[in-house]
Amino acid sequence: MIALLLRDLKLAMRAGGGFGLGLVFFLIVTTLVPFAVGPQSDLLASIAPGVLWLGALLACLLSLDRLLALDWEDGTLDLLATAPLPLEAVVSVKALAHWITTGLPLVLAAPVFGVLLNLPAPGFFWLVASLAVGTPALSVVGTFGAALTVGLKRGGLLLSLLVLPLYVPTLIFGAEVARRGAQGMETGTPLLMLAGITLATIALLPFASAAVLRVNLR
Amino acid sequence: MTLTVTDLAIARGGVPVLEGLGFALEPGQALVVRGPNGIGKTTLLRAIAGLQPPLSGRIEGAEDRIAYAGHSDGIKPTLSVTENLTFWAAVFGARGIEGALDAYDLHELADRHAGNLSAGQKRRLGLARLLVTGRPVWVLDEPTVSLDKEAVGKFADAVRAHLGQGGSALIATHIDLGLDATTLEVGPFRALPKPVDDFDGDFL
Amino acid sequence: MSIATKANAIWQYANPKKFLATTERVLPFFWISAAICLAVGLVWGFFFTPDDFRQGSTVKIIYLHVPSALMAINCWLMMLVTSLVWLVRRHHVSALAARAAAPIGVVMTLIALITGAIWGQPMWGTWWAWDPRLTSFLILFLFYLGYIALWEAIEDPDTAADLTSVLCLVGSVFAILSRYAVNFWNQGLHQGASVMRAGAVTGTDTTEKVSNVFFYPLFLCIIGFVLLFIALVLYRTGTEIRARRIRALLARERAGA
Amino acid sequence: MMPDLGKYTEAVLSSYALSLLLLGLLVVLSLWRGRKVRSEMEQTELRISRDG
Amino acid sequence: MIALLLRDLKLAMRAGGGFGLGLVFFLIVTTLVPFAVGPQSDLLASIAPGVLWLGALLACLLSLDRLLALDWEDGTLDLLATAPLPLEAVVSVKALAHWITTGLPLVLAAPVFGVLLNLPAPGFFWLVASLAVGTPALSVVGTFGAALTVGLKRGGLLLSLLVLPLYVPTLIFGAEVARRGAQGMETGTPLLMLAGITLATIALLPFASAAVLRVNLR
Amino acid sequence: MTLTVTDLAIARGGVPVLEGLGFALEPGQALVVRGPNGIGKTTLLRAIAGLQPPLSGRIEGAEDRIAYAGHSDGIKPTLSVTENLTFWAAVFGARGIEGALDAYDLHELADRHAGNLSAGQKRRLGLARLLVTGRPVWVLDEPTVSLDKEAVGKFADAVRAHLGQGGSALIATHIDLGLDATTLEVGPFRALPKPVDDFDGDFL
């Protein structure tokens, strides 16, 4: 399992800087928002928490479609399925590797992007906290979606379609934490809900993902 | 332990392709699966490897004992030859990769990215993977595709060594491997279309 | 020397060996003079210039901000030229020089952005505003990142050189387009370009003019940045040439084995 | 010696510090990699011309 | 050439409804935005044109990475390069097919999404007009990016990184037209610029794309 | 028109692999390229097909006359066999696809999605594509991979028919095709490493 994790991380590094690129996409989305909605800084400040969460979500989403597809195409998944590792472990490790390469850098870099969008000062802590708690759920749910669509050529858009609704609860609570934090309001409840979602998905979804993957391998 | 297949029926894409198939593969034995294109060899091997459930029949002695190698090799183009092999060695519970490099003469290529290998070199790497699995039953689907004469010889040697250690091998191929093996002609087991009016619960 | 031989005299540096030998000789000069100019300019600017009547001591940031901003743009220009040379004449040194320059450009852009942001906090009351000049620098930063990422992602050096050169070309056109688009989209807060305007030093327009007290050390800093840039590019190009040579040697060894 | 930077001390000093740090990093990393690559090349050249 | 266009369209239809999916992604982004930034309708109305443009851009972007990659992987590009069609024509046709499957449906469906985000009434016409004029440029520029990254495994994120800055001018003018239109302001200049960009990219970029593709096929 | 290759040198991944290679391929002639794995056969065929520029040397009579078939077939899994063939027929200036279906006995499979074919069936489809190109020079890289005996025979027949119509074929393969063809052994043309001190502008 550790070998698998290390290999995935190594592959992410090799393939033109997997670590950096999720981040850069996040950067680009936050840069494009002002071009799209205009440069007024009060407007930007009021939508900043939401935009940052949306950016994180899309950065995750965009890297999902290769999460399992490459291993499928070159036959690695077939071979892993016949290996001594249970498929549940395989998908969990894949999700973890995805989080380390995409979610974690976003969490660490979020404050910088907050500056770009004039996020109010108290919001920074809560933005980082909500991302740290919420992004693992994005990776785990994303892995499930990737397992569902792995056999399909051009699964990319279908994958987004399947995964985005599943992301809605995480997005709502995550953005709510960040927004309330930015406005200096109380954030306990949504943060608790967010943590609950993350823990539940981590505990349960890998079984669904493995089952779905097994069906797709047939 | 013997791999025993009894009265197996398998389907591909919902269509039964082979039925009534049975054989036993003893340790030390190699079985070559032959049959025309599209008869169902790949399907059979995948079923035995546990990748797809059979329609009916039993497969015994396969669980966790099989090393499968299909049309695609599971090779990562951005990892080097050594890294690829080391990964699989780790997954299957580490043994050294030296033996595998030796058997297919990969030492020279060891530090090359697998994506920069020629078709035959890539195949050799894929076959070398079998040696690091430590699994006793090899299930191979057209293993010698793209290999030159010399490499086919190396492959035959590797299979012979594996059999000598009490392993066994099930190989689907269209060419002559120069192995001392039993042949299983699957042509006769082709599934016959069922009568149309038989509208059963499985839609088969 | 006739024009033709002069032209030949330039192209001979496209030979890696010749390039290495020459840069070996001139590099110490560039390193030293860059260090001197920068040291003198920055010390002069930091310690011996008065505060501006409006901006207070923050005006001292100009000695880093303006030179780095200028170099960020000039570096891209240089990459554009060397990319064109590679595409037209296929001199490897030229492509490698473009590759060597990109990280320098990134750092320059970053310095301009960071010093600008720090300056903006006291002056405009915000770290970041979507002012056209600032925004176009952010876009420039993205172009640099994409360019470098493409170099890193492709394994075959000639393919990488070809692809990045075309990207640099197309990117330049779009960078200029973005500049106008951004201007159109938001007329911002930033200073106009006055340092490089003819009347900047002698002009009487006091609101726009950078007075001589500030100008001389600034000028020294700009020279220093230019020299530092040249030194870095030459040195890093040498490194790239050697890395490329190692690759070729290993490949040769492989083929011989 | 140190000039009085008034209420902007932090801004000015931090921008100098950050810029010089970045420039320093760039120069040091360039030199470091340059050295490494140069010695690597010499070793490779030596090895290959020795081996034939 | 027509055969190629028809084949691409057919492939898009077969692969789980290429037409629909771009649209659905657009739908999902526009529905996620209220979750992310909160439901105040005046805020939504003021960012609506920008969000719709951003959604269109991302929907385009997300479908780009398979634009040439699939044909590359299965060897079709090699074969097309040796066929009597010039590569310039191939990439142009590919871009056209991409526009028909992604851009065109967005243009047609944009008014519906405008309703979801409380777009002010005069904005509808200008939104559609700006999308109709601008999205072809997105497809053509995207094809260039796809040609640049076609040989790279996991090119997806790199592709976004390369393409997004190139999208900036189109996005700015497009969103500007839509925004000015929504506020009842004059839209002539940005629309003209937008049209100019589209025409120029259509006329020139295919040459760059073909050149780059040829290099990648080596 | 003859395909003439003179003093060709080619490189792969920046490393010269073959040099000093020359041959002439007359109409009606088949040339089988042989050599061990990794020698540069694929590279040679790609250079002749115009997909990569040679380092030096001349290739004449290739422009717009070549039908290339490499390791991957360019088959779209979601299109049916007929649709795949029709597309290529249209790209190369329509001729009917009936002849191609006949030659490889694809009529039964004509309406199947290409993704649902077995390895050998897919390959047959890939070879059938050559017949709809109408190009006189076939350049084929290991065309018989995965084919059974009967299909190899069909392929040999198709090549013979093509030669009979004044076409020519250049085929890289490791197995015996049963064709009456000249053999070009590329082993002797392996590129020799250059002396080390030659620090040239091309880094080769």
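A few remarks follow.
We call the chains A, B, C, D, E and F, going by the order they appear; numbering starts again at 1 in every chain.
The rule we apply is simple: a contact is a pair of C-beta atoms (placed from the backbone, for glycine too) under 8 Å apart; a residue touches a chain by one contact, two chains touch by 3 or more.
Which chain is which protein? Per UniProt: A, E = Heme exporter protein B; B, F = Heme ABC exporter ATP-binding protein CcmA; C = Heme exporter protein C; D = Heme exporter protein D.
Remember, predicted model here, so these are calculated numbers, not experimental data.
Inter-chain contacts peak for the pair A-E, counting C-beta pairs in contact.
When every chain is reduced to the mean of its CA atoms, the largest separation from subunit C (Heme exporter protein C) belongs to B. Subunit B and subunit E (Heme exporter protein B) have centres, each the mean of its CA atoms, that are 44 Å apart. Chain centres here are Cα means. That of subunit A (Heme exporter protein B) falls 37 Å from that of subunit B.
Rounded to whole angstrom units, the spacing between the C-alpha centres of subunit A (Heme exporter protein B) and subunit E (Heme exporter protein B) is 24.
Residues of subunit A (Heme exporter protein B) in contact with at least two other chains: 15-16, 21, 24, 28, 35, 38, 73, 153. For subunit B, residues touching at least two other chains, in rising order: 71, 78, 115-116. Contact with two or more other chains is made by residues 139, 142, 145, 149, 153, 155, 185, 245, 249, 252-254 of subunit C (Heme exporter protein C). On subunit A (Heme exporter protein B), the positions that touch subunit C (Heme exporter protein C) within their shared complex are 15-17, 20-21, 24, 27-28, 31, 34-35, 38-39, 41, 44, 115-116, 118.
Every residue of subunit C (Heme exporter protein C) that touches subunit A (Heme exporter protein B) in the complex is listed here, in rising order: 117, 126-130, 135, 138-139, 142, 145, 149, 152-153, 185-186.
On the side of subunit F, the complex with subunit E (Heme exporter protein B) involves touching residues 46, 49-53, 64, 66-76, 78-79, 83, 86-88, 90-93, 129, 133. If you check the complex, the residues on subunit C (Heme exporter protein C) that touch subunit F are 14-17, 91-93, 155-158, 244-245, 247-249, 251-256.
The touching residues of subunit C (Heme exporter protein C), counted against subunit E (Heme exporter protein B) in their complex, run 139, 142-143, 145-146, 149-150, 153-154, 159, 162-163, 166-167, 169-171, 174-175, 177-178, 180-182, 184-185.
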